[in-house]
Amino acid sequence: MAELTHFDESGASRMVDVSGKEATARMARASGWVRMAPATLELVSDRRLAKGDVLEVARLAGIMAAKRTGELIPLCHPLGLDAVEVRLAAAPPDRVAIEATARLVGRTGVEMEALTAVSVAALTIYDMCKAVDRGMEIGPIRLEEKSGGRSGHYRRQA
Amino acid sequence: MAELTHFDESGASRMVDVSGKEATARMARASGWVRMAPATLELVSDRRLAKGDVLEVARLAGIMAAKRTGELIPLCHPLGLDAVEVRLAAAPPDRVAIEATARLVGRTGVEMEALTAVSVAALTIYDMCKAVDRGMEIGPIRLEEKSGGRSGHYRRQA
Amino acid sequence: MAELTHFDESGASRMVDVSGKEATARMARASGWVRMAPATLELVSDRRLAKGDVLEVARLAGIMAAKRTGELIPLCHPLGLDAVEVRLAAAPPDRVAIEATARLVGRTGVEMEALTAVSVAALTIYDMCKAVDRGMEIGPIRLEEKSGGRSGHYRRQA
Amino acid sequence: MAELTHFDESGASRMVDVSGKEATARMARASGWVRMAPATLELVSDRRLAKGDVLEVARLAGIMAAKRTGELIPLCHPLGLDAVEVRLAAAPPDRVAIEATARLVGRTGVEMEALTAVSVAALTIYDMCKAVDRGMEIGPIRLEEKSGGRSGHYRRQA
Amino acid sequence: MAELTHFDESGASRMVDVSGKEATARMARASGWVRMAPATLELVSDRRLAKGDVLEVARLAGIMAAKRTGELIPLCHPLGLDAVEVRLAAAPPDRVAIEATARLVGRTGVEMEALTAVSVAALTIYDMCKAVDRGMEIGPIRLEEKSGGRSGHYRRQA
Amino acid sequence: MAELTHFDESGASRMVDVSGKEATARMARASGWVRMAPATLELVSDRRLAKGDVLEVARLAGIMAAKRTGELIPLCHPLGLDAVEVRLAAAPPDRVAIEATARLVGRTGVEMEALTAVSVAALTIYDMCKAVDRGMEIGPIRLEEKSGGRSGHYRRQA
């Protein structure tokens, strides 16, 4: 039966023991969106054509946050990521699309790293555009794909 | 005309100078959601009635993350928050509602702190339930209210 | 002859080289106490029966601190822990007992991680109860057991 | 009646709102001990006469940890400390004495900063001597004195 | 007579007490260089004309590091910076010039924040170009200007 | 042809994928200098003969910073270092010499860790002496030697 593995039999939270798991090649890919006023998206896109680049700042913020996932999520294992990529693209008229991919040869999955990269990239876009648009919305953020480990390949249904 | 204040006139990113601003009482409130399978929400709710409590772990994660907002968001000012509250509630049949409020007497707003608290609380829920439900979705995350500073009181339109 | 391995032959501090050591399954268990007024312990125990839970907050603080041991202890190796558990229990009339267990398949022991988890859990109890009891005392904190690595199994004498 | 201020009326944990408090000069002094085999203390003392210095490494670790108290203790306010001092002294035949003092002009007390400095200094001594003495004990750690803020001057009874 | 303020009268290191100092507007400006092969500088410059931008990544790294100066430099006060700017420019044929400016209304100077921003921006350039040029050199890094506080305005002699 | 591996084919920054690389024994050694007034160097040297020790504080700062390289350098992999050593020596009449060596059995090199250790040790010397000498200069900082991995042994030409 399904159970929440982050709690032991007495209900206390814990960091699940993965020392008995095999180190395998792990991958996870997550996606997210930031919805904004069309005029804000134009501003983001125009700056990009000039020199400032909201999306590049957000990309770096996402990559750096992925490395610190274990500090932010209480019961997450600290991991030494082998790779992180964050992609951002304007999706006119009113959204920015974010996708992050994390990889590791290790004993536990990297979903949280990919999801954290997307979340912090989205927050960074909010931060950089909030002076002109407070009504922006972040989400939906979700796991798109995951491979490696006992549970096999997962791909989100369209 | 509207402009992205995180870039200077040459387009280079920067942390905006707030040294000339007055220190006033600032407040920001943000909200967010995690959508999950109804069976997952039941599991969360049931554990709560027992001893384990996904929502309490998420609350703490959100509070702690708010304090580190300046480390995560590249151009955000490092702030010494005066208060953070994170509230979580099951919203049957399939969602958890999150709301965070941050306060500070200071020279710059605390929207990012409230939004970061909501985001990391949501990620923590995902982490603790992912073994039983990979299809969860985070969002929409948004600013609900903000006061203090030159720009006056903001309240999101319903 | 016994020597302090954190100093080289000239007396300079250093992080000991473990690259030649074998990666083996390591475990360490540490314990500690917080002594408080009986009335404070009752308050802690009562809140637990309601919804607030000092011990659960302390448990999470301990788990999260264990992951950052390498940042806090200058000559400690940064480690990717495989598991951390922190247990807390009221020990009437006037103490809370804390026990932490850390595990890793790696090149160096995890005593410091277990001891750090206990210490920060104890500090968190102090923080949450200090408004009603400034006279609390933390300790003794000590290593109870350790296994893995060249030095074999250690168990503290009663 | 006494109550645990880190929980709101519904029992949820929170970071207490200090934005209405006055900024006053705050001071806190905490103490702690590390008990070890007499031979270990001699080794510590001898290295000191040479060039390596366990106590100096511990002092720095304590000072640096004090600055990060708000990251470690979940409901602690992030503070910009104005001063930290950590003093260590061999107390023959079998103990090292630690004392830390923290100061801040601010809206909340600095007890946790002083206690964290003592705790991490003690852990660092343990780390540096553990190769020769696993039986060391940390504690008691306690608040010795505190001033500033509404609650007035506190001094521990001998 | 001149003395090193980071040590007390017994020679122990400490974080200097600034609680008695006045909060004034502080500014510090630091500069630094990275010397590289002319072909490497061309590669940096060319990528910039395309989409990748070594200098923009370095700028963000410098800004983010400035915010964490108090964590890196043991006896530095933790500060809530009001502004940081990092400027980078190719200086053909073989150097990149870096300049960072930090500002704060506070009780202590921000030289270390400006110098840390320059240093980490330089390290980031090294990291991003090291696959093509291991012989790069960082420096000289120095303080160019400083104002605010008791010691008055300082400007480096040419 | 040479290319900057930190950018993908579209010019976006990324953390290079090392999951396919072999884990081998890696070593890197970096060096750096701090130039100061002869009177400042004398002060540093004299304190050393007494009890305070600028160079020991700088050594620890360098060791601790090496462990956090992955947090500071945006596209650097987070690594679990196996060893770090930092050596400092007065080089009369007017310089301090710094050398750092990092080691790891892993999938990627440790140059950045050695260079970061040198940089932060140098910044710490600046911090501790700046009250008496603002004109100090840091640099040149450079990679002296590197081994392990596909690219073979590198040793800087004199």
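As written, the chains take the letters A, B, C, D, E and F, and residue 1 is the first residue of each chain.
As a working rule, a contact is a pair of C-beta atoms (placed from the backbone, for glycine too) under 8 Å apart; a residue touches a chain by one contact, two chains touch by 3 or more.
For clarity, every value in this text was computed on a predicted model and none was experimentally measured.
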item	value
Any chain that touches chain F and chain C	A, D
Those chains which touch chain B and also touch chain A	C, E
Chain B on chain F, rotation in degrees - Cα superposition, rounded to nearest 5	180
Proportion of interface numbers common to chain A and chain F (over half same, under half different)	different
Inter-centroid spacing, chain E versus chain C (mean Cα positions, whole Å)	36
Separation of mean Cα positions, chain F and chain E [Å, integer]	16
Length of the line joining the C-alpha centres of chain D and chain E, rounded to whole Å	31
Residues of chain E touching at least two other chains	12-13, 56-57, 60, 64, 68, 71, 74-75, 79-80
Touch-based graph of the chains, sorted into line, ring, star, complete or other	other
Inter-chain touch pairs (all)	A-B, A-C, A-E, A-F, B-C, B-D, B-E, C-D, C-F, D-E, D-F, E-F
Chain D to chain E touching residues, read off their complex	25, 56, 59-60, 63-64, 67-68, 79-87, 103-105
Residues of chain C that touch chain F when the two form their complex	8, 12-19, 70-71, 74-75, 77-80, 106-107
Residues on chain E engaged by chain F in the complex (per definition of touch)	2-7, 10-13, 32-33, 35, 39, 43-44, 47, 50-52, 54, 57, 60-61, 64-65, 68, 71-76, 111-112, 115-116, 119-120, 122-124, 126-132, 134-143, 146, 154, 156-157
Complex interface listing, chain E residues touching chain A	53, 56-57, 60, 64
